[in-house]
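We just call them A, B, C, D, E and F in the order they show up, numbering each chain from 1.
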Amino acid sequence: MGVSGPKLSRLFLPDCTWSPGLTEILQLNLLSPITLAFALGILARIVRSEFSLPKDVYAGLGIYLLFALGLKGGVELAKVPLGGIMLPLLVTLLLGCIRPLTSYVVLRRLARFGPVDSAGIAAHYGSVSAVTFIAALTFLDGVGEDVEGYLPTLLALLESPGIHIALAIGALKSSDRSQPMGEVLHEVLTGRTMVLLVGGLVVGYVMAPGTWEQVELFYDGAIFKGALCLFLLEMGVVAGERLSDLKRTGLKLLVFGVGMAVVHGVLGVAAGLAAGLSIGGATVLGAMSASASYIAAPPAVRMTLPEANPTLSLTASLAITFPFNIVLGIPLYYQIALWLS
Amino acid sequence: MGVSGPKLSRLFLPDCTWSPGLTEILQLNLLSPITLAFALGILARIVRSEFSLPKDVYAGLGIYLLFALGLKGGVELAKVPLGGIMLPLLVTLLLGCIRPLTSYVVLRRLARFGPVDSAGIAAHYGSVSAVTFIAALTFLDGVGEDVEGYLPTLLALLESPGIHIALAIGALKSSDRSQPMGEVLHEVLTGRTMVLLVGGLVVGYVMAPGTWEQVELFYDGAIFKGALCLFLLEMGVVAGERLSDLKRTGLKLLVFGVGMAVVHGVLGVAAGLAAGLSIGGATVLGAMSASASYIAAPPAVRMTLPEANPTLSLTASLAITFPFNIVLGIPLYYQIALWLS
Amino acid sequence: MGVSGPKLSRLFLPDCTWSPGLTEILQLNLLSPITLAFALGILARIVRSEFSLPKDVYAGLGIYLLFALGLKGGVELAKVPLGGIMLPLLVTLLLGCIRPLTSYVVLRRLARFGPVDSAGIAAHYGSVSAVTFIAALTFLDGVGEDVEGYLPTLLALLESPGIHIALAIGALKSSDRSQPMGEVLHEVLTGRTMVLLVGGLVVGYVMAPGTWEQVELFYDGAIFKGALCLFLLEMGVVAGERLSDLKRTGLKLLVFGVGMAVVHGVLGVAAGLAAGLSIGGATVLGAMSASASYIAAPPAVRMTLPEANPTLSLTASLAITFPFNIVLGIPLYYQIALWLS
Amino acid sequence: MDTHDLILVTIIAEPVLEDRLTREIMDRGATGYTITEVRGRGTRGIRTGDIPGQSIRIETLVTVDVADALLDRAAEAWFPHYAVVAWASPVRVIRGDKF
Amino acid sequence: MDTHDLILVTIIAEPVLEDRLTREIMDRGATGYTITEVRGRGTRGIRTGDIPGQSIRIETLVTVDVADALLDRAAEAWFPHYAVVAWASPVRVIRGDKF
Amino acid sequence: MDTHDLILVTIIAEPVLEDRLTREIMDRGATGYTITEVRGRGTRGIRTGDIPGQSIRIETLVTVDVADALLDRAAEAWFPHYAVVAWASPVRVIRGDKF
């Protein structure tokens, strides 16, 4: 299998500059079960199939994936000295503060959206998509690249700051601040992602030695990846449902959704390498940074900035940035990580 | 274990005519976890238990089973030369066209149902039950008989033609054609089975090499079979719920449901052997051919032939033919395949 | 791993009185994934998170766990001579008859609850919690203690008698007997637990040899334990929701919930050892005996004794006795079994 | 179009009562009912199950006489001990002869 | 506060009819509708699916004229063969100009 | 049987509003409410979540005064920016003293 090429090439062929081309990696990513399942979901919508996963099953799969991610991350976190991850944590926090600002400025100045819509969209791009994170892990596993096991900790850290920074900007610009910020802060900090990801991290971290092995098969490997395929099948349906909105929201949103992802992706990769992450780790941080929220951000924005048009932000994060990252972005950030390192 | 007898007997004992009797095979099938789970579900209804699987969990299991079937079939399909399966495909398509006609004629002439009811029931018996197909695979696995891995392709092909042929007959006979046929065609061709089974076949077919192994544990083996048991438990409940209708629908429906299954089953086995399928493959084609739809056909019939009594068709396919095939039919078709080959 | 100490100590060090202290065992139990998942669920409620498992997923997990328990129990039951389990069965039946009486007397005389409320609560403490049973099995597996495989049979036997005895007492004391007892008897005897646990026992018992192995991975080991963690996460949420009721229901209910558990737990351990169960088996019988129902009993009580305050019984069984058993009770009963044996 | 004036009786009740209520509804002369799963909050806050606040909402189209009989029965048998809320409103029904 | 008197039309129907009914509702001039998943029992007991008794409940706020058109259509096209029940009741709506 | 005439206020709203709406309903004097998960279509087509069209339907039985206060509040605070529809209808309630 030429697939494990990249890693092997660096280990055994130090003098050789060969590495699998972007095309090769792209193809591998395009033909992975999760990309294909996602594409199948989109296709089902395009042919106007009524197929969709039952709401509760979709929610249940999401809960399982997040909790599994947290548990695994916690188990790995327990193995590294906490000092060693301070720099990655710091860098991630910085990304969490910078990304809503870059998004807002680009939306306002370059794309010329109104101030409230800009803040609303920026809240999505200041946060993060856990599924993009998982897809990046799966991709790197596929190309045989190792990653730091504690990365879910960074994911947890990146989720909320960006939402609050963007909402604060929006609140200054909006006449009608509907919901006291305190409530929204509480809602985001006690949301599903926080309970499952942060909770899972803590559980995994403190679990008695030897107990992870008892449940590992359920939370990792083939079962995790198989469940992820089903989840992405439905995400394809959900994203496909928004494709029709693309026409209404226009080209500039499309350009923003892809451009912002690439800019934030490169930023994330560079920051990761600077903080001493491995190539795999930096790729994952890049993918995280390039991603946009579609679970935590939407209700928070809806409650605080009711004037913002939710169709804009959801279409951008779910129908543009998410598919872009899954299909093209992740291999791209990997390639950039290889180049930069 | 005498269980693996049939296959061994043919491999190692060419001169010996011994093979496990029908009784032995029947007993093995009766005491398989899936038959027992199905029986438990029926029993729960008989004692008027309120137990049932939550709607969404039942739907979720069904989706998982179909998608797993598609994926596996696709992975196997990629291994055989397409030329080699043309004959089985052709034979299956023929079965898809003949079965609605035989069903209609038998219902109309022998059982003397009205034309619209006959067409409605024929649409069910022209299509196929995926669970019966899976049960046949599991049975053959239990007796140690190999089957062609690409069989799910035949299942996908057999689902829809029969429905449309029967509905076309019904539309000619009915005064009140409620729904334009085009819509119904669309609905069936984009239904759950098509998305998951055909979609899964394609995904499995094009998946990058080595990626199936990453998810195989989730989609095959013990997890697939274990999930199937839970699914059949609920199918037992659903079928059990219709047992009370049997009294109202009368003996002739019972005779039809069993007789049609046997006739179509023998037809399927013979067609399979003629097309060069293995004994296992012919048995599965027999089981498919003997089965009747209870998922795709009912809404299609309801929409196009509102005058047809849905109790008749659902009772026949779900409370008569399905249990018959699961408990007696599949071992019978296997025995017939052994005899005919 | 010092974890497997207890068993090893008894096998290899017969002259040595060392055994892991209660503290060591307690710590192991506290840091097990299921206790931690339960604690996470409670914590989520305490911080007023809106997180909870979808209703259908929670129900689905419960069904899976019960059915898995039944199947495994049945497979094991088939391996032991029926004569050998008569004594454990008898002792369990006795516990089923005594526990509602002790509960009623303690509630009436010591805690001074009204007669109808006492009967209502006693119905809960006369029945049993399957999750407590499973947690005990998992705990013993963790400390490396063997248990009799047929224990689920005892669980099935312990569920209903206690409910009916307590309800009969209540019916005598209540002016308004709303529901004919026959209906309630039917409802309990055909309830979810009965279908899945007793049904699973029978299926597992009669299954053809070799078929259990085909589904074992799905119903046992890491998948069972992993699913149990998710289930306990939600049970934590549900129990946490009732914590606020604790203030209203008062200290005496708290004392009852813990005290009754310990008394019944010791009774169960002693009875188990007397009936010849292993230390592990006696611990599990103790945990069963110490537990209180929160699934089968509540609707039965609500229908027959509408005057009884359901907040009292559910808070006691779900927010007091259940967490006590999971966190402290099970290790305690184990310690007691070690002492008594 | 042939319409009839009937009464729509709506009952919110604890799920354990489903069997009894529907039986009594049919016994008193209704020809059918429709059930919705709902959740809610009231003055009692009675919680009967591991999912608090879950209730059922039963709607039945009935004649005035049946409505009176149902509400009488509700007031007498169900309200004293159960978390039940019920109301009636006049509606115009097609296929009214069926009820 | 600006209120309008409108008609609330409620239809209980078999799930297979969802697409057709909502299309016809919008075609006849409604500005929206709300759907609830329900289950129930009636005189026909027609069972179309593996989950018997499952139905949908469609509510739509419409003007009197649209209500009449809808109920006429129901009486003529849906009732003869399908398990459909429908009723209308007067309600007071805010944002009534929207409908 | 002791009945009272009350107003049933029904509100269809985006799920994110649940906490706020129920709090405001109780604050304005209602004694309870019932919530149903629904889906639907209207003129705005606002989609707030990964499951578009999902809404909640809140019913609350209140006195005429409370109904007026609720609808006023709705018109003023919720309608401008949110996908909310509300209507009121008179009903007859048993246990009416409770509300």
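In this section, a residue touches a chain if its C-beta (ideal position, glycine included) is under 8 Å from a C-beta of that chain, and two chains touch if they have at least 3 such contacts.
Since we're looking at a predicted model, the values are computed, not measured.
Asker: Tell me which chains count as touching both chain E and chain F.
Answerer: D
Asker: Same or different, please, for the chain A to chain B contact, judged on whether over half of the interface numbers appear on both copies.
Answerer: Different, since most residue numbers here occur in only one copy.
Asker: Pick the pair with more C-beta contacts: A-F or B-C?
Answerer: B-C
Asker: If every chain is reduced to the average of its C-alpha atoms, which one ends up farthest from chain F?
Answerer: Here the answer is chain B, farthest from chain F.
Asker: Please identify the chain with the largest separation between its CA centroid and the CA centroid of chain E.
Answerer: Checked the centroid distances; the maximum from chain E is C.
Asker: Between chain C and chain F, what is the separation of their C-alpha centroids in Å?
Answerer: Centre-to-centre distance between chain C and chain F: 42 Å.
Asker: In whole angstrom, what separates the CA-based centres of chain A and chain D?
Answerer: 48
Asker: How far is the middle of chain D from the middle of chain F, if each middle is the mean of its Cα atoms, in Å?
Answerer: That pair's centroid distance is 20 Å.
Asker: Roughly how far is chain C from chain D, going centre to centre by Cα mean, in whole Å?
Answerer: Averaging C-alpha atoms per chain gives centres 37 Å apart.
Asker: In chain C, what residues contact two or more other chains?
Answerer: Where chain C meets two or more other chains at a single residue, that happens at 54-57, 60, 223.
Asker: Residues of chain F that contact two or more other chains, please.
Answerer: In chain F, the residues touching two or more other chains are 36, 89.
Asker: Got a list of which chains touch which?
Answerer: The list of touching pairs comes to A-B, A-C, A-F, B-C, B-E, C-D, D-E, D-F, E-F.
Asker: Can you list the chain F residues touching chain E in their complex?
Answerer: Residues 10, 12, 36-43, 55, 57, 68, 71-72, 74-75, 79, 85-89 of chain F touch chain E in their complex.
Asker: What part of chain B is in contact with chain E in the complex they form?
Answerer: Going through chain B, the ones touching chain E are 55, 176, 178-179, 238, 241-242, 294-295, 298-299, 302-303, 306-307, 310-311, 314, 318.
Asker: Can you check the complex and tell me which residues of chain D touch chain E?
Answerer: 1-3, 6, 8, 22, 26, 31-36, 61, 89-95, 98
Asker: Which residues, counting only chain B, touch chain A once they are in their complex?
Answerer: Listed in rising order, the residues of chain B that touch chain A are 54-57, 59-60, 63-64, 67, 71, 186-187, 190-192, 194-196, 199-200, 202-203, 206-212, 214-219, 223.
Asker: Can you tell me which positions in chain E touch chain B when the two form their complex?
Answerer: Going by the criterion above, the answer is residues 14-16, 20, 46-52, 80-82.
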